[in-house]
């Protein structure tokens, strides 16, 4: 009986919800209406636009991978263990969700930059991260990680530990439980978290600009290209924004499709 | 630069990374093309952002060979940080202009008109180069502009004007030129009081040879020609 | 495998000592929240007791210094819900345990097929759990638990989620597979205790209040819970010369051979079928006449159970109609002293 | 038995989780270390800083209110009804979550701006949003709304409809069910969603800059002030960033505290 | 209030016609997934049938043109879980219905107190639901449902989540409050049907397979479900001259007065207590001798139920021991034809 309400939602609530939805949808429509469709193809296929789109897709894919590698264990640690300070840790880990990305970029620069906290050690090791494509991936991972951790932690809590307990009594050691029971069961949660992370990474702007710079083909992702295009060619900026919106809609829609298909 | 089979006679080889103020996007893109035409084995990497962003990045270790700033203050910051190789050269100047939406709906003719509190005028914040220039012309003309917004970059001022949100904005001549049909520019004589100087310099630790070659092109006839066409004046 | 356990979980008000002989099946009964599932949780390693120790076949399960995790205990747990892994086929579910124990895929599958055959579910091997009925799923869960060849099998109300029409089939399966196996089965159903277990342990309030051979516990229950299960009347109190006096003053005469010492804690048991009901104080041989108020009448078939608080009488429905009994009515229960059994507690 | 795992999480998972947590925590630490503590008090109490902080708190509070007014009905509409196109609508409504804020600002400009889709009608009605505090609230609401909708929709689905069904059979009409049963039951979800929205609104930068402008006391919120301070006084920018981080940590921690206290 | 219902919900394989006389309480029984809860859902308005119509006391509940939402039906629903609103006190929970009906706060509270008194839970008025035991919560839920003064009361297994020690108290409460009230109670428990309902309806597979006065259904069940409930043996087949022949060839002699027409669908019923068990084919008076294979032995108290597929015999445990009965053994069931009742279906 979960799902839609047997009792109905009052009409006035739906009316207010409609106004709220319009508030989000009309601006998107406004962008679509502003696009110079005759030029659209040409605008989004210039060298720099193509380079930016390609870089965005590559770095977003890489940072999604990083989010999975680190975020899945983090979600398990938050959902499946309890320790002192867990609440504080969760607040800290989720912070990039609400931090202005520019501040996030400054923080990354202070950490991995040449004069940063870890930068000097890294420089001595011959690793120079700042202003490379790696830096873009780091910036995107920083802002996208909480999306995966948050949604997967929720999925893990909802799934509960009953199957894991059964697996343990059947002789499965913790790593086996993780691999053969927990992960397959929350796979839809991982997929939808990953897709959200991908979308967030794709839209990342402030932290990338501050931490990675804006070098065509190296660090200038699509949002940076849009920002730069505004300077000279507003039409191109709008056209590229629309490309970004389209990819994001696709990706968020996909996330919810996967989520809906979750067992039970 | 990978292509070592070509001879040195065909020019320089390698990659030169140029950090330039965002307002130089079009001109420096054109100059970079010219540079690559002259040196088929060389590649120019361009990074555009606000001048102070660029200084922060170079200070933090960004791999820049050349830095072109939109004002002397930011070049001074880099000099203070000991990251300027040689002496900075001024290569262009820019002056303020009133930008109004196409058709000039508010009928603005000069700086004094901007004092009308009924108008929505947008300027740069005093903290950024275009804003300090704005303060200078206000003082010079004795006009007090009741701005509805003090933006942190000239791009944002222009954006408000092109979208018709503001009745007028104070931007650079070059911005008006770049914005095309969307805006109209209105000159005013007090603009001469605040000439914005663009210095360029090689960066310490970068590829000096390529940097010098690029700077030469910018300050040379061909570079100056491109800059002039975009509305920049000579220093 | 001999099991020895002593464990305290103060957060759940649980304090139990417990032993199991090799091959013995014990039924654990008790009211909701008594601590039955907690006992199984402590044995399987899913709940960590605050103190205590346990050994199974000489191997430590836990002690004050050691803690063996669930997967290394050789203890399998079967819960009320089958909890088959929804992403694995029935065969893969049953092969899960052998795989964890290190068997190759082929060997694990062979063993899974064997155990599915054992519970008459081989034809389900390729199905997905979601397509099984409750009874089928539970049979597969039994196979899955047994396929790990556990030293100790724990069952937590394995039949209670099942339809009355499906339960007998699984009960039969359990009876077959539990024979000669060390197992602890939690149940609310007296039939399960009778059919499946050698011994009954009654837990109440986190403590064992009764422990003995199934038939003894049901025929001579010492706790009111066990007595209620067996459908017998139980009155506790102190022994007097000719029987027992309850704290509320009720006196029951009873014959014991040899006579019990006076002043001891004791329990008197008698069957509802031995109780007669009278509207007026009866005269004649029965020495025990208790004035009571009827609280409930429960006709079933040709007989009616007349309840009066904790006591009950079972008479024919015709007799109940003749006496015109109604709840709230004050009547007399009489029982011959030869029918009353008296035990020291 | 939900909550922590009876079976334990493999150690290596915890190790990887630790690395992930450090990746987020060290940059925050780097900021803290950069702060010029001797000057800290002076830096964060200048006129412009105080004005920005005050404006940020006021506008964030206002946009949180707007998020509640519109987001709660939207969450109900998504969780408690089913209709064709619901999936598409959800994707659209959640879009601001992943859209680069600058693009969001452009979209708002094209909608509520003077020459925007609705701007002309608004101007005729005598409403001028441009360069006003209202514009800031609109921008913040646009980016913060999905946080409330997303978290409340989850809470509603988790809560199920059983209590609502019972209330209906007891004679409660839909509005009564909403007021006396649904809302009280998901109150923790509303609170935590509102707190997340507040935090996101507090950190909003790109959309505000693009859509509302930047005037002290009117539209220049704390993140804009930080961005501007960087031009002249990096120390002040870092100090202000830290203030923002502190408020955000407080607010995220609070959200999870409320969530933990949710009945069942 | 007369209730008339005809409804189809194809998605749940549900197709039921159903009527209830004013003041009548009907027990709905049937296996898991039969459609019992669906019936209550359709009546309360929580499930919208694909087609059909219903009226209660002359008012339309739904029809092909009209749909009255749950809150306007005058139908209250009490489920297996009490589902007390956790954020309201017990008193406020019970006052919820009257408040919805427009009563002032004071009047609603008075009425709530009255109904709490009715279910003997007045002392709980100020408690929070979370602090109540299952039995207490369920009693409060009864009061809450009754406080709406419903024209029709629906109860979905109201006792099944309760401890065996608490159920009788609530059953007593229900018996009192259901008297003379139009109510539908879903139950798995035969005792509830006997004690609480005037009539029993058995649903199987989304269809009503049996409908009649409680005693009649239990004493002369026509569906195997009802027969299983009543503990009776049921054999269906076609009438022949002296009784009935089942499709599997089993013949049962039975006396009917007047004799039934031949070749009709019929059901033969006999009590397990009337069945004797023999290891060798018996000679003598019983005319019905059925060769069977024992599938299960269930001792309870002094008696043992001997099951053989769908048939069962109840004999003394002593006799079972004497005969050395074991599952799998082939034996003979005999039953006197005077003990077999025959009904047309």
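Order of writing sets the chain letters: A, B, C, D and E. Residues in each chain are counted from 1.
Simple rule for what comes next: a contact is a pair of C-beta atoms (placed from the backbone, for glycine too) under 8 Å apart; a residue touches a chain by one contact, two chains touch by 3 or more.
These numbers come from a predicted model, not from an experiment.
*Asks:* By the touch criterion stated at the start, how many steps lie between chain B and chain E on the shortest route?
*Replies:* Minimum step count, chain B to chain E: 2.
*Asks:* Looking at CA centres, what chain is most distant from chain C?
*Replies:* Farthest chain from chain C, going by C-alpha centroids: B.
*Asks:* Farthest from chain E in C-alpha centre terms, which chain would that be?
*Replies:* B
*Asks:* Looking at every pair of chains, which two share the most C-beta contact pairs?
*Replies:* Of all chain pairs, the one joined by the most C-beta contacts is A-D.
*Asks:* Centroid from C-alpha atoms only, then distance chain B to chain D, rounded to Å. What do you get?
*Replies:* Chain B and chain D have C-alpha centres separated by 36 Å.
*Asks:* Indicate the whole-number Å distance between the mean C-alpha point of chain C and the mean C-alpha point of chain E.
*Replies:* So the centroids are 26 Å from each other.
*Asks:* Between chain A and chain B, what's the gap in Å when you average each chain's C-alpha atoms?
*Replies:* One centre to the other, that is 34 Å.
*Asks:* Measuring centre to centre with CA averages, how many angstrom lie between chain A and chain D?
*Replies:* That pair's centroid distance is 16 Å.
*Asks:* Can you tell me which residues of chain C touch two or more of the remaining chains?
*Replies:* Chain C, residues with two or more chain partners: 45-46, 69-71.
*Asks:* Would you give the residues of chain A that are in contact with at least 2 other chains, written as numbers and ranges?
*Replies:* 1, 6-8, 116, 162, 165, 167-168, 174, 177, 227, 230
*Asks:* Which residues of chain B are in contact with two or more other chains?
*Replies:* Touching at least two other chains: 56, 159.
*Asks:* Across the complex, what residues on chain B touch chain D?
*Replies:* Going by the criterion above, the answer is residues 50, 52, 56, 120, 122, 125, 127-128, 147-152, 156, 159-160, 163-166.
*Asks:* If we count contacts the way the header does, which residues on chain E are in touch with chain C in the complex?
*Replies:* Chain E reaches chain C through residues 31-32, 134, 163-165, 168, 171-172, 188, 190-191, 194-195, 225, 228, 231, 295-296, 298-301, 307, 327.
*Asks:* For chain A, which residues count as touching chain C in their complex?
*Replies:* 162-163, 165-174, 176-177, 180-181, 184-185, 263-264
*Asks:* Which stretch or stretches of chain C touch chain A in the complex?
*Replies:* 44-46, 69-77, 79, 81, 83, 85-87, 96-97, 100-101, 130, 144-145, 148, 154
*Asks:* Provide the residue numbers of chain A that touch chain D in the complex, in ascending order.
*Replies:* 1-10, 12-21, 23-31, 33-34, 69-71, 73-74, 76-77, 80-82, 87-104, 106-108, 110-111, 116-118, 141-142, 145-146, 154, 157-158, 160-162, 164-165, 167-168, 174-175, 177-178, 196, 199-200, 202-206, 223, 226-227, 230, 237-238, 241, 244-245, 248-249, 251-253, 256-257, 260
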